[in-house]
Amino acid sequence: MSENRVRDLLSQVSDGSLSIEAALEKFKVYPFEDLSFARVDSHRELRCGFPEVIFCAGKTPEEVAQISERILNHSDKLLATRANEKHFQAAKKVAPTAEFHERCGCITVKPESGLETVGGVLIVSAGTSDMPVAEEARVTAEIMGSHVETVYDAGVAGIHRLLGQTERIREANAIVVVAGMEGALASVVGGLADVPVIAVPTSVGYGASFAGIAPLLTMLNSCAAGVSVVNIDNGFGGGYLAAMINRRTRSSQ
Amino acid sequence: MSENRVRDLLSQVSDGSLSIEAALEKFKVYPFEDLSFARVDSHRELRCGFPEVIFCAGKTPEEVAQISERILNHSDKLLATRANEKHFQAAKKVAPTAEFHERCGCITVKPESGLETVGGVLIVSAGTSDMPVAEEARVTAEIMGSHVETVYDAGVAGIHRLLGQTERIREANAIVVVAGMEGALASVVGGLADVPVIAVPTSVGYGASFAGIAPLLTMLNSCAAGVSVVNIDNGFGGGYLAAMINRRTRSSQ
Amino acid sequence: MSENRVRDLLSQVSDGSLSIEAALEKFKVYPFEDLSFARVDSHRELRCGFPEVIFCAGKTPEEVAQISERILNHSDKLLATRANEKHFQAAKKVAPTAEFHERCGCITVKPESGLETVGGVLIVSAGTSDMPVAEEARVTAEIMGSHVETVYDAGVAGIHRLLGQTERIREANAIVVVAGMEGALASVVGGLADVPVIAVPTSVGYGASFAGIAPLLTMLNSCAAGVSVVNIDNGFGGGYLAAMINRRTRSSQ
Amino acid sequence: MSENRVRDLLSQVSDGSLSIEAALEKFKVYPFEDLSFARVDSHRELRCGFPEVIFCAGKTPEEVAQISERILNHSDKLLATRANEKHFQAAKKVAPTAEFHERCGCITVKPESGLETVGGVLIVSAGTSDMPVAEEARVTAEIMGSHVETVYDAGVAGIHRLLGQTERIREANAIVVVAGMEGALASVVGGLADVPVIAVPTSVGYGASFAGIAPLLTMLNSCAAGVSVVNIDNGFGGGYLAAMINRRTRSSQ
Amino acid sequence: MSENRVRDLLSQVSDGSLSIEAALEKFKVYPFEDLSFARVDSHRELRCGFPEVIFCAGKTPEEVAQISERILNHSDKLLATRANEKHFQAAKKVAPTAEFHERCGCITVKPESGLETVGGVLIVSAGTSDMPVAEEARVTAEIMGSHVETVYDAGVAGIHRLLGQTERIREANAIVVVAGMEGALASVVGGLADVPVIAVPTSVGYGASFAGIAPLLTMLNSCAAGVSVVNIDNGFGGGYLAAMINRRTRSSQ
Amino acid sequence: MSENRVRDLLSQVSDGSLSIEAALEKFKVYPFEDLSFARVDSHRELRCGFPEVIFCAGKTPEEVAQISERILNHSDKLLATRANEKHFQAAKKVAPTAEFHERCGCITVKPESGLETVGGVLIVSAGTSDMPVAEEARVTAEIMGSHVETVYDAGVAGIHRLLGQTERIREANAIVVVAGMEGALASVVGGLADVPVIAVPTSVGYGASFAGIAPLLTMLNSCAAGVSVVNIDNGFGGGYLAAMINRRTRSSQ
Amino acid sequence: MSENRVRDLLSQVSDGSLSIEAALEKFKVYPFEDLSFARVDSHRELRCGFPEVIFCAGKTPEEVAQISERILNHSDKLLATRANEKHFQAAKKVAPTAEFHERCGCITVKPESGLETVGGVLIVSAGTSDMPVAEEARVTAEIMGSHVETVYDAGVAGIHRLLGQTERIREANAIVVVAGMEGALASVVGGLADVPVIAVPTSVGYGASFAGIAPLLTMLNSCAAGVSVVNIDNGFGGGYLAAMINRRTRSSQ
Amino acid sequence: MSENRVRDLLSQVSDGSLSIEAALEKFKVYPFEDLSFARVDSHRELRCGFPEVIFCAGKTPEEVAQISERILNHSDKLLATRANEKHFQAAKKVAPTAEFHERCGCITVKPESGLETVGGVLIVSAGTSDMPVAEEARVTAEIMGSHVETVYDAGVAGIHRLLGQTERIREANAIVVVAGMEGALASVVGGLADVPVIAVPTSVGYGASFAGIAPLLTMLNSCAAGVSVVNIDNGFGGGYLAAMINRRTRSSQ
């Protein structure tokens, strides 16, 4: 049901050529089609507080530039993930203030007035090799307006390093735990925290880590309540969800 | 957006208290909610030519009886799968003409005037142990109005038994191939036929058949074009799709 | 380092037989042992706002009764999951007001003053077979003080049923999506919602659902941001996390 | 049993040196061998309405050119899949009108009189990364004589985009759904359509998509009847089957 | 092409109403159908030297009895596998001399003149729990006419027990190795023998033996040439193949 | 080469009928056969300090009793694992002092003079459900002469409970860590200890623990050096290895 | 027990300084050590009728050349598998008559007098992409002295091509079936043949063929008796076993 | 709880402004925070007798150089694994005496006074392709102060090569068994030895070895007691654990 079709029906109701009940019937028999004129994109932005995110893998630099331009027409912020140097160069042409976060392959554009961040998201990672994923989470949560702190290199084999951070764990509104190999970090943090913990397994490791299956299973089986899991290497997903929770948390916490 | 809400809007348009453009805007901002009054069930039946099917596993006999009664209020046919004797006894109370197909656990109610079947669906199965799944496909396709023929016990290890049926394979509008163990039958039939072949892997077998994974993979990798696959032991799915194709096939075929 | 050991050290500092710096050195070399006298349990309850939950599977009725009694000594609420009728009978002896939620195997004890619930958790499930898991989530979230609404039987194959609930999806503070078979419901709800969606895959299904692996993978790969996943059939985990998020959400949302 | 052997037997029957019953016995004891003189190739073409398709992966450009030439000797159409630029250059030498569909790696030769297409195949894909597979399905269905329409980039996370296409979904004779990541699109389309839906999982995604296993399982477990599945990334298989169904569908549909 | 059809054609050739070349053409266009009257069963027995084997799992005692009777009409030997006591009692009614091999669930009927066995098949098994599978292999090879020797309980953890049997390993014409758990026995025997070794993995074990996957993989990866593998727990398959090889081995070996 | 054969050769050497060099050649060409008279069993006992252990699963009570009797003829200790009440009753008849450890299904016979235990093995387990496996490890290590201490119910979600045991972790000669679900305990203990840690994954858990695969992978990927793994639920294996290490550790440790 | 040690013992027996029984005891207590002087290599060649085969993958050209030279010192035949052009050039320097079989990466050296081949091995493969593996089987069986025939490109989707070869299938002493994708060919050939069929799954295929797992499972589950399986892509293993069986088959077959 | 905080509390106790019991309470309520001033690194070295090991994969040469420098400030030994030539060149600048073990990618720095090694670790490997992993184990065990012997190329298919080493197997304090393909070597060595055997599966092999899964499962299922397993290709883990056991073994062994 196109916009024109709806306008027609309404005109007929308006001029009396169609009864209200008859018009009602018309609407009933087209349950879905009247969506075709929905202002989808602007709706989503209003609702989620953040414009569409560009997943650059498999897109040409030109495509990334075009989508960036379209988003920046009605937004003062931009996030593109899984980008490389070429994607960045293309994006820079349409967005001269774009920044490239090389370690995690993210492109961001911040508002001219600077980025205001609130609350507190904590990102904990197990080893230095997990940093690209952890950084993707950090950049994502920040551009979405969250104040972010990080505790990197806090694997469970040296549990004291983690325990020394207990206070920061207690103060966060949401925690992202990034870990490969055996992924036990999520359970330990989950046991110390009483806020949502989003676990991000990484494909870091070798042999029986099976490209992230081992930490994924570990995290899904975590005996600590309050822990949930996103896809392997999905730092963006972890940061996005943490920022969403953080943004909505009562300030009194 | 409830039915009342739409009626209100239409009334306001009708009496001029709301302009057409303003009404249009109202509709635009509620993209989905106007579905809440859709007459879902009757729509589906008209569209698909067959009422809802009852999956009995995990339902009590009483629940099956109640759903059966509701369906038979506006339909003269009924199909319930994965039923046991108790489900049947309960269904019989609300539908005295119900029949129980014990081998495949199906309950059917046919129209009083008898079941008209057209076209041709062929069901080929590999071994006697695959029969429950094959029968579920047969009963499903028949109640949906397809004329069904069967070739059971035609495993590839005795390929001549299958080859002797070439003519029937050529004459069908759609073929369901049901096989466990190594599942090679689908490829062989697919090579002989030039109509859609729906492959149904079964959990029949032991050891490395892994409850149906072996024939499932075999069938997905079939080198014969025109073969597609449904879930392990899903005789209903195979029969349903075959009947759907058969019903729509040009009679000249 | 036992409590007595610490007391000794402090005594020596007090009477001057040990210098402050020397005492400091003593503490440094025993990084962990001073935990042995920590008042673990009371800490946890204060922190999390909810006492320990009893996982009954593998415990005798007597064990469940004893743990229940101990918890109720310092709490007016109780939750026990994966319980059977026998566990309930035993629990009832020590907690006469205990209720048994048969469908999901949960035992609850509510405060005498009644259960106050706030905010809004929405639980959406795909089919009737998913109800035990969905109910475990509901009971858990409620006993933890969340107002819960439910939309059951909203599988994606009949997408209109789900779309009719868009308003409720928009109003929740956190959503638990419970689905077996193909688990696509989490993505669809995630696309409609702008609050955290906790996906709970269930072992409902047959054949290639592999006891929950299929919906688990579907949910982990969800293209909708804001979706995270807990273990297969872990309704408790989903309800717990949703309640935790709900409890902390700003009322203005 | 060679052709000569059969001729001998018939001669002996003809001249009376062998009785009919004795000849009959001779045939009986050679169950398979009499196939050795079957005119295999021409038979197949007549039967299936389409010549052999060339799977280029693992073949040299020269081999592809030679097979192309042989096929075009008795056909005015050609399809080669999984081809690269070098395969195309070689094919062009023997078939100057050959076209290269770069995105999906297909080579086609159309009849001089142009390609007549009938009916309607709809191809729906989830994301831009799925396009190579979707295009392979489109090119295949078209060269086999089907009129094809496409709805690309209609992932379930933005369900409204898909719902806006409901009318086209209703009008198709067969639908190919191409999706990676979580693959939920097949279920949603299957719930809207009442024609056969062929689901093609793709290896698009990362982490727990396991190179296509996640969408494959999702699709096999689809709760929407009428959905069947082909191999991961097998756009050709999906397009071939859709065209086969479309070609045979009654025009009145 | 039915028998009658062939007789008709031959009659026409015989009475001159059909030329030889025309008849030849008729045969050519029905490549497979002339198989429909093939005397399948008797052919197979002549060829393989052994009548059909009954796989009892999933068959009723009556079905087993009927098939047994039919086989014994034209054979003096019978083998039925995966049988239980009830199958045996039913079989005994039609074959009073039937024997039941309880440990492996096999029923055999031997020729009245006694069973002649030749050559040498050696069956080696790892532990006492593997005996049911090993016995199925033994009974199968014996009824097929092979002289069988056994070395049971010769696991690799006590390698000397196996080494003490080197001479018998050297003298066999074919060896069946039956092992669960880690399945290393096949490689060790394969390293000592210079005759075909058929490895039968068993589902014996627990934990990471995954119901036979561990020994299956071990055996497939055996670094000893001359080792091949059959399905998990397929003692029949191992014994059958060993007997087939033994029967055909030159006596001078 | 039988014992008699060796005696013959030696006799010929003794009486001069065979030269030393010729006898040497004879020995060379029979590399393995001379093992057939080795006194296998007594050798093993001397070597390992412990008689053969009986794995009762799949053995009849009578078989267990017979083997027990044979072992006790030349040993004053006995261990039988995976035993049930019936196995125990049968064993008790031949060994009146036999004890049954019901929780882990072990039967032990201790020396009349009592069991001397030395050194220190520590067994740490995650939850009460892991106790049967932990107890199997404890009983095994004790009967093999190790002094055993246990820390049960020390899951990582409540890390303080474990940290309070640091001193005992430091004092052990070998540690067995028994954990199901996510199995993270092994890494945490491995990080605190500087002695060998043997990790025993258990099949405790549900959903994505996949009967022990999740903790198995976690433990194999442990980032703490000094951790090794045995089969799922193999408490015996863990206890045996720990006792072997403990027995051989320098007392000064 | 070194050679010298044995000589010493024999000397003592010879000169009477050691009694026969005492010497016997000495041998008994050293069950394995007396193997250290075994002439391992020459034994193996005599036994197996073929020298060691060189697996070139992971070896340098120089290493391959050195091993080749050593083997050719006492043999007039050589087989090296998984070789590349560089391995061949190096081998050619020490063996000027070496041939390179490029398609399958094999190097062979034949006796100067030419290669005598006997009996009959048949190699059947499904598609052209399976040829490298099929050729490895052919080259292996030939160099081991078997007369080899081949039927390539006989996939089950065009079953008539295979059926036309029935006579050759009946005449072979052993058959190697090489197939990727769905691997159904092994069952079909196994159903036609009454000789050992060795199935070699290949990693040819894509998507759900999972690099050979699909045909591997198909072949392990083959319902045709007499079929056994070797590792994925292990053409050498298939050819070796077929040649071993062929060499030992009675000529009358 | 910072160091300053503790000092404050102690001062107050010292000057009497805080009672001992009150101070005790203060410590109790901060269970973990007092760890923040622990001298983590030096503790670990004292405890484990070996400084931190550098895992070079994923680190830049500069990072490896910096960490090396820091470690060598308080240690005279260094071990870096998974290093390449560039890592080595960078390390050499800060540690001129560094050596590069090319085959296994290890960098070591030995004490100027030379490396003292004691006891006995035996490393047994199956094939030449397993050598990189075996060498990683050897280099690790040696730098940790163990005397190491090696038996390479001792696969079970030629069991005599292994049996000839029985004496060395008996004399070791700990054995590392490195094997890919079918991994049976661990069981055979475990059956011969009465000391701890650490099994290291390798990713060597092809097809159904699945990059090390096959030998991993074999080793986990080993029927020889005393065998435990580390991650696939984890030579370091095997060598580290063996050295740890060896270092602590009583010299009388």
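Chains: A, B, C, D, E, F, G and H, in written order; residue numbering restarts at 1 for each.
Quick note on the criterion: contacts are C-beta pairs under 8 Å (C-beta built on N, C-alpha and C of every residue); 3 or more make two chains touch, one makes a residue touch a chain.
If you're wondering where the values come from, they're calculated on a predicted model, not measured in any experiment.
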Intersection of contact partners for chain D and chain G: B, E
Most distant chain from chain A, judged by the mean position of its C-alpha atoms: E
Matching chain pair for G-H (criterion: over half of the contact pairs shared, by residue number), options F-H, D-G or B-G: D-G
Separation of mean Cα positions, chain H and chain C [Å, integer]: 39
Centroid distance [mean C-alpha coordinates] between chain H and chain B, Å: 59
Chain F residues counted as touching two or more neighbouring chains: 31-32, 35, 38, 40, 158, 160, 163, 192, 207-209, 213, 216, 220-221, 231-232
Every chain pair meeting the contact rule: A-B, A-C, A-D, A-F, A-H, B-C, B-D, B-E, B-G, C-D, C-F, C-H, D-E, D-G, E-F, E-G, E-H, F-G, F-H, G-H
Chain C contact footprint on chain H (complex, rising order): 3, 6-7, 10-11, 13-14, 16, 20, 23-24, 27-28, 31-32, 34-35, 37-40, 43
Of all residues in chain E, those that touch chain H in their complex: 126-127, 155-159, 163, 181-184, 187-188, 190-192, 205, 207-210, 213-215, 217-224
Touch list for chain D against partner chain G, complex: 32-33, 35-36, 38, 40, 44, 57-59, 201, 203, 212-213, 216, 231-234
Contact set on chain B toward chain D in their complex: 31-32, 47-49, 53, 160, 170, 173, 194-196, 198, 216, 220-221, 225-232, 236-237, 240-241, 244-245, 248-251, 253
Chain A partner contacts - residues on chain D that touch it in the complex: 128-129, 158, 160-161, 163-164, 166-167, 192, 204, 206-209
